[in-house]
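As structure tokens, here come the structures.
Next come two complexes, and both contain subunit A; in the first it sits with subunit B, in the second with subunit C.
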Partner chain A sequence: MLATRVFRLVGNRTLSTSICLRGGHGVAKVEDYTLPAYFDRRESPLPDIKFVQQLSPEQKSLKEKEKGSWAALSKEEKIALYRISFKESFAEMDKGTGEWKSVVAGIFFFIGFTGLVVLWQRKYVYGDVPHTFDAEYKQKEVQRMLDMRINPVEGFSAKWDYENNAWKK
Partner chain B sequence: MFRAALRLSVSGARSLTRSRPQYTASVAARSYSHGKQETDEEFDARWVTYFNKPDIDAWELRKGMNTLIGYDLVPEPKILEAALRACRRLNDLASAIRILEAVKDKSGPHKEIYPYVLQELQPTLNELGIPTPEELGINKA
Partner chain C sequence: MSLVKPAMRGLLAKRLRFHLPIAFGLALVAAVAFKFTVTEPRKQAYADFYKHYDSMKEFSAMREAGVFESVRPTGK
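And then the complex of A and B:
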């Protein structure tokens, strides 16, 4: 059975690989990954093997019909022959997956989740802000800054109207 | 693949020299610093001879096509005709359709190459009864 498998790979060429028996231990098992594989690739349009390896009786008879004139084949038969040899057409193999939508959705989801985590932290984890943030304290702070004439030329105090005790319009 | 797409505009449909001068490539697939450069005609003739081998086998067809598609060019219609006839000798319609798909894919952004190639190949396609991927509807995903 291993011999026939190797023979099928090699095709009609002379069987150059012989199966050796060493010391009576038998033959190494042929691993799947060592056999030619089917790939749909833009840069390699004709893969090493046909896509469908075991043909049904209809497919076998279609393959026989293929030996005759191709003009005699119907459109469906031609498509069937294509699908025996190939898994996806170029258009199908090249089309996008739409995976980017899942990625963007995931990004938004996790940003949203992070937002929830931040809100929870503000409520349950962080302590009170310092007393220097109280409105009353802030008012006194501003008054002190104006009294000190902070940035009187172009900055803070320059915007205060000392005559009318209000901010300049 | 990407490299080929970028350089396609420079040495693109190499052998369409007569009708489209802007795609003329003066170098063949191999660049030597010395030694004779293969001309476009020699390149084409070599490949036509390859596919015209009367007893070409399936492996040689696949190897030839995969190698040809690996080059930074769209093959001349005469090379493709020889390849399609080789498919006919091997009774392999699926590969013939695949070759047409590969040519369209190889043209990349130059959308006018594929219709031109089909136009040149029309007599052969009719003679051998090879449908285009568009006729079969497999050009849409």
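And then the complex of A and C:
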């Protein structure tokens, strides 16, 4: 019974589409984004459609003239024909936008802001450094490293003069 | 209307022919430069250090400074 009801609906639809061809009801509205679009892109130089779709009367007459000999066209007319078919020339579309300046400015700004955040953190968030950073502690640490002959060939202790108890000049 | 037909094949081979010798050359130069600015001086530094190295003297000095746990400084 369900099948027959479905069959009736399907039957109705086929009937209505044949009516539609005359009535226009039931055909989906054509959205703009489904139609061929114009785009300026270096890698595909010939877009699907011309740039100017609705020609003014002068443009229409120019198109008629284009059907004749092209040698008869003046320079301005040739440029006008180009501009009908295309929006930007290759030189124009390849031109840089200068966007990088805004990007770099933004980078510097946020780095600066981060610096302010870090300064605030140092003052209000971090506790004291360990006692191992005190001056006398560091002095004892250096003395112990020299006593142990840390890196005596090319590194730390190599720069200490053990005879005169001072750093080498 | 008489444009030259551009090269259609062998583009990578042409690029490699040019760049590979340069790459190998630069790598070689880098290795040789490293050898003569880093490894040779380092080897010489170690040779000089150990030419007149008195290990017992160094050991005694370290012992007196008190850095060892196995031997105490001489004296109390």
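In this text, the second predicted complex is superposed on the first by the 94 of 169 C-alpha atoms of A that agree within 3 Å, B and C clash if a C-alpha of one lies under 4 Å from a C-alpha of the other, contacts with A are read in each partner's own complex, and residues count from 1 in each chain.
Here is the rule we go by: a residue touches a chain if its C-beta (ideal position, glycine included) is under 8 Å from a C-beta of that chain, and two chains touch if they have at least 3 such contacts.
Please read all numbers here as calculations on a predicted model, not as lab measurements.
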Greater residue coverage of subunit A in the superposed arrangement, subunit B or subunit C: B
A:Arg149 touches, of subunit B and subunit C: first, second, both or neither? second
Which of subunit B and subunit C A:Lys123 touches, first, second, both or neither: neither
Which of subunit B and subunit C A:His131 touches, first, second, both or neither: neither
Which superposed partner A:Tyr162 touches (first subunit B, second subunit C, both, neither): second
Contact residues of subunit A, present in both the subunit B and the subunit C interface: none
Footprint of subunit A on subunit B - complex, ascending: 1, 57-59, 61-62, 65-66, 69-70, 88, 91-95, 97-99, 101-102, 104-105, 128-131, 133, 135-141
Contact set on subunit A toward subunit B in their complex: 11-12, 42-48, 66-67, 69-73, 75, 78-79, 81-82, 84-86, 89-92, 94-95
List of subunit A residues in touch with subunit C within their complex: 144, 147-149, 152-154, 158, 162
List of subunit C residues in touch with subunit A within their complex: 42, 45-46, 49, 58, 61-62, 65-67
